[in-house]
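Look at the two complexes coming up: chain A is in both, with chain B in one and chain C in the other.
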Partner chain A sequence: MELQTLAMKDATIVDDGTTERTSYPYVTGTSVIGMKYKEGVIMAADTGGSYGSTLRYKSVERIKPIGKHSLLGASGEISDFQEILRYLDELILYDNMWDDGNSLGPKEVHNYLTRVMYNRRNKFDPLWNSLVLGGVKNGQKYLGMVSMNGTHFEDNHVATGFGNHLARPILRAEWHEDLSFEEAVKLMEKCLLVLLYRDRSAINKFQVAKITEEGVTISQPYALKTYWGFSAFQNPSKGAVGSW
Partner chain B sequence: MRQRSIPLAVVSGPIRATNGGGLKASDSFFAGELWGRMAKASVDARTKGGFSFDLYQRNEMLLKKGLQLPKFRKTGTTIVGLVFQDGVILGADTRATEGPIVADKNCEKIHYIAPNIYCCGAGTAADTEAVTDMISSQLQLHRYATGRESRVVTALTLLKSHLFGYQGHVSAALVLGGVDVTGPHLHTVYPHGSADTLPFATMGSGSLAAMAVFESKFREGLTKDEGIKLVSEAICSGIFNDLGSGSNVDVCVITKGQTEYLRNHQLPNPRTYTSTRGYNFTKGHTEVLTTKVTPLKSKKQAAEVDAMEE
Partner chain C sequence: MFRNQYDTDVTTWSPAGRLFQVEYAMEAVKQGAAAVGLRSTSHVVLATVNKAASDLSSHQRKVFKIDDHIGVAIAGLTADGRVLSRYLRNECINHAFVYESPLPVSRLVVRLADKAQVCTQRSWKRPFGVGLLVAGLDETGAHLYYNCPSGSYFEYQAFAIGSRSQAAKTFLERRFESFNTYSRDELIKDAIFAIKETLQGDKLTSSICTVAIVGQDEAFHMIDQKVIEEIINSMEIKEDAPADQAPLQEEDKGSEEAPMDI
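And now, the complex of A and B:
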């Protein structure tokens, strides 16, 4: 009998014939940005989980290591992200049980995620996430993205959510091959700062993760310095006292 | 649509003017109706303004029956402005779209308001043109009446009041900038009538791409060349990352006493392939196979008619 994995279960069917399916997200994470650099892939996300317009959770880790060679970052519904981590745990476990000296690389994990997302969407029960998958295996860097309807692609730099509108233009103009780690972090922080200013669901608490041939490092959460000292902000009605 | 405001007074929403005290902002939606009745009752010589909502029910009924409203021509746009050490620099792309089609590849989105005040417009092209032209005329008459250079806050107040009165139906999102006696000013005006005073601003569909550039690179006290470069970079970011913006970069530099309108300051989207021989074909390029000349028939003679009865 085929081993039925978690991912293959049907959408929950309740006795009276109705089906429970995801229609809208509840607790959401905002953008994730990823880019390739000289030694591997760097990814960053803030640690906020919003419940509608409330900032409900301020320490949500949205970037996790997968196996030996990959990093997964997710935006969107946090519970669906946690479910995906369970599927991937199972996947990596079965892979390790083969004990054949081979391990799943980022390309394989990306493909698996694409299949899971696409099949869920075809059942009208999507996992409400935009996933960023980055990794290095045998010297090959890999960075890809999967959205909640199964659209997937690979690129030198990716972003989810608001990051597409605010961070991608900066990355398109300033990313180049073989960035050093410091340059990559600087570029990443530039994008994160713009997102902090202009995305209402962003918070000033970021984690930056990097993956190289040696392994994964996820930084401790830290804050960026913001600037509010523009003279126009100090006195907006300077030109006409009493106007609005 | 009813008449617009009279020029000599600095206009605030005509609706408010005739309402007297007591009516809340939320009532202005119906103010057209109420106002209509009041105007008939009063001996008010002031001209009318705002929309008349008399046909609202009929329009809703038609929409339910499946009537297709005509599409607006929008300026899916990137417009920006920033304050530098000597004044204000405005920038805009030059693409006007009608749904998915580019209607105008090289339109002008930086509108003249006064010799020292210019305004970029995003949203419905007709609305931005009409509103800026109107405020420009009002300001000129105001200049004649006062004998002084126009101030940016005057244009701002006129625009805000007008747009608020139309409750967002005039879809004009503007970046207004200029230099007057009180110094350089930069404002954004939204279709519903609110305004902000900012050191740097972007509006339109490409505003996020342009804002990403500004937020990472702007600082106070830029020189003119640095400012023009930053504005061009922001507009290019909009042109290349937003589908609603494209073609060329227009820049307008306003300083005390002088305005430079740099139309098509950058042309980053040239035609990829052009014929080196040009596109003028002189006579003789096409071989003539046959010639047939048909004289135009002369007009038929009018029938003999009697003279008209007195």
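And now, the complex of A and C:
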């Protein structure tokens, strides 16, 4: 009960009788992709924070571990993501303070986030994020998504933003049960490459995170090899029709 | 205990460091009809004696389902017990709504204990006059707790509360070490046997006895009167000897002998 008050008292209510609402995001992250594999869940995102059309911040960590059993990746407003991390930090803290052998697993965290997102949406003051929550607890793999209006679901592979349009079709065709870690990374990089080519807010600096029963590993940022030597790029204005 | 000058308020200490009002509340629990609880590694059983106010009235309800994985048996002021059951149900359902998973038993029990403690430290309140045996299952296993009006709680392998519970406790003390290996049916049988001990001479029938069970693949529920009837009958075939000669292992899977006319 103590946690619900934290989430509620941060809602923007000004004392002169007016209320405010979030209208648009400012600094945003682009797609996050997640998929289940044999030992757990793998998640990837680039480390970019865009300020409108400017690729302003190049080292934003958009995937974070939550407690012992979960990973959270976010796209959308970065400051709202940081706020959510604050709520979850407190949630996990209280959970650990019980010190009684019970712990919040990915399913519980996912549901808690759903409640927070939905309640904010009902106040017309959403947290402008699409969240990917993955984890493993007691051998059970879990992967779910929550959007800024509280829509939530679980699946074997999820993606946010542009990832939904560019990465999911690849995953639908090529994902299968019990991928090895190497296969999963390869599949992930295939999706990330497409996003890098086609999503204007993507940058070539990615982090891949995995979570298994043993724990969380988040890779150091690295770049993918891209190819721009297509003949059509050599002389781009060759066939163009000019106006002057 | 006798009346003294320190027992008017719950917020008054006695020179010996006692809160008499809280102790009087525990007395109310001791006067209530008996309730017992037993736990194995996979199941927890609760059994109660249902006293009827008179021959004309129905029996008191003393066992409440709190959630699919938790149930309680009460002894003492049933009205207080009902109110606390409503509180427990509320806590469980709120947790399930936010986290989509069952509230761990130990956390529920602590909240209940904290609620009871509040009433021992406010001059305008009185302690709850009911003791609760909380039986439940969560990811850390099977649990049986006893919550008393003072706000303290303890975990037990087996326990009995209410009037003449000492007889049941003596019976359970002799056998509790093997409870963890008991099957579901053996646990139920011993629970009914423990209840029988508290009756001390009065006839045990299925109408005055309520038995409930919760297990890993079994939501908390009351056991059907007919099933209890069968178990009682098979028990009475076995022996009518006094309790301290009861054998350590009971195997009555079916009644091979013909029933005696009792």
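The rule is short, and it goes like this: the second predicted complex is superposed on the first by the 228 of 244 C-alpha atoms of A that agree within 3 Å, B and C clash if a C-alpha of one lies under 4 Å from a C-alpha of the other, contacts with A are read in each partner's own complex, and residues count from 1 in each chain.
By our rule, contacts are C-beta pairs under 8 Å (C-beta built on N, C-alpha and C of every residue); 3 or more make two chains touch, one makes a residue touch a chain.
As the structure is a prediction and not an experimental result, all values here were calculated from the model.
Within the superposed three-chain model, A:Y197 lies in touch with chain B and out of touch with chain C [touch as defined at top]. In the superposition on chain A, A:A173 makes contact with chain B only, while chain C stays out of contact range.
Legend: residue contacts after superposition of the two complexes on their common chain; A:N111 is shown touching chain C, with no touch to chain B. After overlaying the two complexes on the shared chain, residue contacts for A:G134 are found with neither chain B nor chain C. Contact with neither chain B nor chain C is seen for A:G67 once the two complexes are overlaid on the shared chain. Using the contact criterion defined above for the overlaid structures, shared-chain residue A:N102 touches chain C, although it does not reach chain B.
For chain C in complex with chain A, the residues that touch the partner chain are 94, 97-101, 104, 106-107, 138-140. Every residue of chain B that touches chain A in the complex is listed here, in rising order: 83, 151-153, 156-157, 180, 182-183, 185-186, 196-199, 208-209, 211-213, 215-216, 220, 233, 237, 240-241. Interface of chain A with chain B (complex): residues 162, 165-170, 172-173, 190-191, 193-194, 197-198, 230-233, 236-240, 243.
In the complex of the two chains, the chain A residues touching chain C come out as 1, 4, 98, 100-102, 104-105, 107-108, 110-112, 115, 138.
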